[in-house]
Amino acid sequence: MEAFGDSVFAFAITLLVLGFQVPELKAADDHDLLRALLGQLPQLIPYTTSFATIGIIWLNHHAMFHEVDHVDHGTLVLSLLLLLVVSFIPYPTAVLGRYGPLRSSTVLYGMTLTLLGGTYSLLWRHIVRHRLSKVCNQPRALKAKTRRNLVATFGYPSGTAIAFASPKTAVLIYLALAMFYFLPGHRTWTSNGDGPLDPTQT
Amino acid sequence: MEAFGDSVFAFAITLLVLGFQVPELKAADDHDLLRALLGQLPQLIPYTTSFATIGIIWLNHHAMFHEVDHVDHGTLVLSLLLLLVVSFIPYPTAVLGRYGPLRSSTVLYGMTLTLLGGTYSLLWRHIVRHRLSKVCNQPRALKAKTRRNLVATFGYPSGTAIAFASPKTAVLIYLALAMFYFLPGHRTWTSNGDGPLDPTQT
Amino acid sequence: MEAFGDSVFAFAITLLVLGFQVPELKAADDHDLLRALLGQLPQLIPYTTSFATIGIIWLNHHAMFHEVDHVDHGTLVLSLLLLLVVSFIPYPTAVLGRYGPLRSSTVLYGMTLTLLGGTYSLLWRHIVRHRLSKVCNQPRALKAKTRRNLVATFGYPSGTAIAFASPKTAVLIYLALAMFYFLPGHRTWTSNGDGPLDPTQT
Amino acid sequence: MEAFGDSVFAFAITLLVLGFQVPELKAADDHDLLRALLGQLPQLIPYTTSFATIGIIWLNHHAMFHEVDHVDHGTLVLSLLLLLVVSFIPYPTAVLGRYGPLRSSTVLYGMTLTLLGGTYSLLWRHIVRHRLSKVCNQPRALKAKTRRNLVATFGYPSGTAIAFASPKTAVLIYLALAMFYFLPGHRTWTSNGDGPLDPTQT
C-alpha cells in the first residue's frame, strides 16, 4: 500500500505541469509568444500551491504509514479515498490556472482541498480511534499531530467559504496554508527515510 | 514483475484524471465556467468506478503475487495481458465521461471491464491449475477467492449485455461491482504489506 | 539505475493509451460515436505492438542488470540512451495509430524500433566486451542471449526497409517480432523476481 | 524522500514526449504527414537536452542522498523545491520544441535550467555548510563535486544571457552543458546501485 500510495502521489504531482498549455499562435512570432507566456505567469500560483499541498500530504501520509502497526479494512478504504482525491487535484489546478481566480474555479479548487483535508482527517481519526499507530502511546506527539491536522481541517473549508466573496483572497489562503507546513522546528528525518518521525523534537 | 505491475497500476489510476478536459470558453466568464463545470459532474461516476476497479484489481494482483512460489512463462504472459487491459482503462473512462451513458460509450467501457475480469480470471485459473500459489494448499481460502472472482467474471459481461438495453443501468452496475469488493469482513493486512492475506479471517 | 529504469519503462508503457484520442463530435450522438470508435479499432495494433515491445525490452533490461556485477560509465550512458528511445515510443505509436499505415508513419515507427533494438544491442555488446555480467562466464547462456538479440537487431531494420514498399506488411512484422519473444520454452522466473534468469533452462 | 524523488525524476523525464504533438492533418495524406514530421525534427534537440539534463541532475541527486547521513528540515524543503523545478521542465521543453529558438521560448527554457542549477546548488551548499554528508570529510571529493556544480551554476545563466542576443547559440550551449556531464573519467558505479560514488576514482 505504501509503495503504491507513494507512486500515486509522485505521479499526481508531476501531472500538474500538464495544466500549462503551450500557447496556440498562428505564426511563430516572438512578441506574441512573449505576451502569451507572460499571461501564464499567474498560473504558477495554483501550480506551486498544489505541488506544496500534495508534497505535504504525501510526507504526512508516508510518516503515518510508517508508524502504523496494523492496516485494517477501514484504513485501506480511507487510504484509497485519499488517493482518489489526490489524483484528482491536477484537474481543478488546471481549471484555476487557465481561468484565474473566478468564483467557480476557486470554489472548485477549494472544495477539492477541503475534501483532501477531510479525507486525511478521517483516516487519521480512524487510526487514532482504533489505536493502530505507535503514536497512540505517545500522548504529546499524538496531540501535536492532531493539532497540526486541525489547520487543514478548518483552513480549507474556511478558504472555500471566503472564495464566494473574494476568490483572490481564497487563493492566497490556500498558498499560505501550504507554506505553513513548511515552517521549520517541527520535524527531523533520518538519512534512510525509515527512522521515526517525532514531531515533539525540534 | 511485481514492482513493475504496481507501477503500471499506479500510473493508470492517476492518468484517469486526464479524462476531465478543462472547458474551452471564449471568455473567462464565471457564469459560463460554472455551467460547464456542473455539466462535468456526471463524469465523476466513471472516474470513481474506474479508480475503484483498478484499485481492487491491483490489491488482488498484488496479493496473488505475494502468495505465488514460482512464476512460469504462462503467468508472465497473462500478467502482461492484464497490464495491457489495465493501462487501456483511462481511454474508455474518458469516452464514457465525455459523452455520458450512450450505448456505444457504455458498451466500450463494459467490454473493457469484461476483458479485465476475463484476463484476471485466466491468470488466476492458470495459477490454480499449475498449483503455483501457496493458497492451493488451503482449500477454504482457495474456494473463497475463486468465489469472489466469479462476481467479476459474470458481473462485467452481464453489465455489458444490459448496456445494450439500458446504458444508465449498466453504469450503476459497474459502480456497484466496484463497491462490492470494498465491503468489510474479508481481509486483514499487516502493517508492512508483506504479511499473508487470509480471506477466511474476519 | 535499475529502479529508475523500471519506472521509465512502466511509465512509457502507460502513456501509450494517450495515443487514443476521445472523438470530437458536435453532439453526443450514439450512432456517430459508434462509427468513430469503430474507426479507432486498427489503433489497437500499434498499441499492442508497442506495449509488447516495451514489455519485452523491459524484461530483458531488468534481467541484464540483475546479472551485471559492475556498472561502468559506458553502461550508464548507453542505458540512458536506451531509456531516451523507450520514452519516445508513445509518440510514433500515436502517429501510426492516428494516420494508419502510411509510408511516413510506418517508417517513423520502424526507425524508432530500429533505434531501440540498436541501442539495446550496443548496451549488450558493451557488457559482453567488458565482461561486466555473470553471463559472460556461461558460454551457452551467452550464446543463446546473443542469438535472441539478433532477431531484433536485424528484424527491425528489415521491417523498416519493407515499410517503404508495403507499410501494412511492415506493421505486421513489428507485431510478429514482439510476439516472437513471448514464445514459451526459454525462461523461468522465480517468485520473488530476484532469482537468476537462465535462458538455457526450459 | 529518495524513492519519491526518483519517481518524480522518472515521471518528468517520460512526460517530455508529450511535447511532441501528433500533426493535425485534414486528410491522412502520406506526403503532408511526411512534411509535418520532418518539420518536427528540430524538436529532438530540446527533447534530448531536457532528457540528458534531468538524467544528470537525477544521477547527482540520487548520489547526494546516498551520502547524506541526516536529512534536516532545510534539506527537505530545498529538495522539494528542486523537484518543483524538475517537474516543470516538460513545459518549457514543449514551448521551445513547438516554436523553435525564438527569444521568448529560449529565455523561458534557459530561466528554468538556471532555476534548476540554482536550486541544486543551494541544496548542495546547505548540505556542505551543515556537514550533513559523508563527502564533507573527504576534501578531494568535496572539491571535485563543488567544481563540477559550478559548470551548471554559471553555465545556465550565461546561456540565458546569450539567448537574448542569439537564441540558437543558447540552445546549443544548453545541449553542450548536458553532454559535458556525460564525459567519461569521473565516476564508477557498483552493480547494485548502493555502493559509494567516489568522484576521485577514474
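In order of appearance the chains are A, B, C and D, and numbering begins at 1 in each one.
Here is the rule we use: contacts are C-beta pairs under 8 Å (C-beta built on N, C-alpha and C of every residue); 3 or more make two chains touch, one makes a residue touch a chain.
Just so it is clear, the structure is predicted and the values come from calculations on it, not from any experiment.
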{"item": "For chain A and chain D, chains touching each", "value": "none"}
{"item": "Relative to chain A, chain with the most remote C-alpha centre", "value": "C"}
{"item": "Copy pair chain B, chain C: interface residue numbering same or different (half cut)", "value": "different"}
{"item": "Centre-to-centre distance between chain D and chain B (centres being mean Cα positions), rounded to whole Å", "value": "36"}
{"item": "Whole-Å separation of chain centres (CA-atom averages), chain A against chain B", "value": "26"}
{"item": "Touching two or more other chains - residue numbers and ranges from chain B", "value": "3, 7, 11, 18"}
{"item": "Category of the chain touch graph - line, ring, star, complete, other", "value": "ring"}
{"item": "Chain B-touching residues of chain C, taken from the complex the two chains share", "value": "3, 6-7, 9-11, 13-18, 20, 22-23, 25, 28-30, 33-34, 37, 47-48, 51-52, 55, 58-59, 62, 182, 184-191, 193"}
{"item": "Parts of chain B lying in touch with chain C, wherever the complex brings them together", "value": "1-4, 7-8, 11-12, 15, 18-19, 65, 68-74, 76-77, 80, 83-84, 87-88, 90-91, 94-95, 98-100, 102-105, 108"}
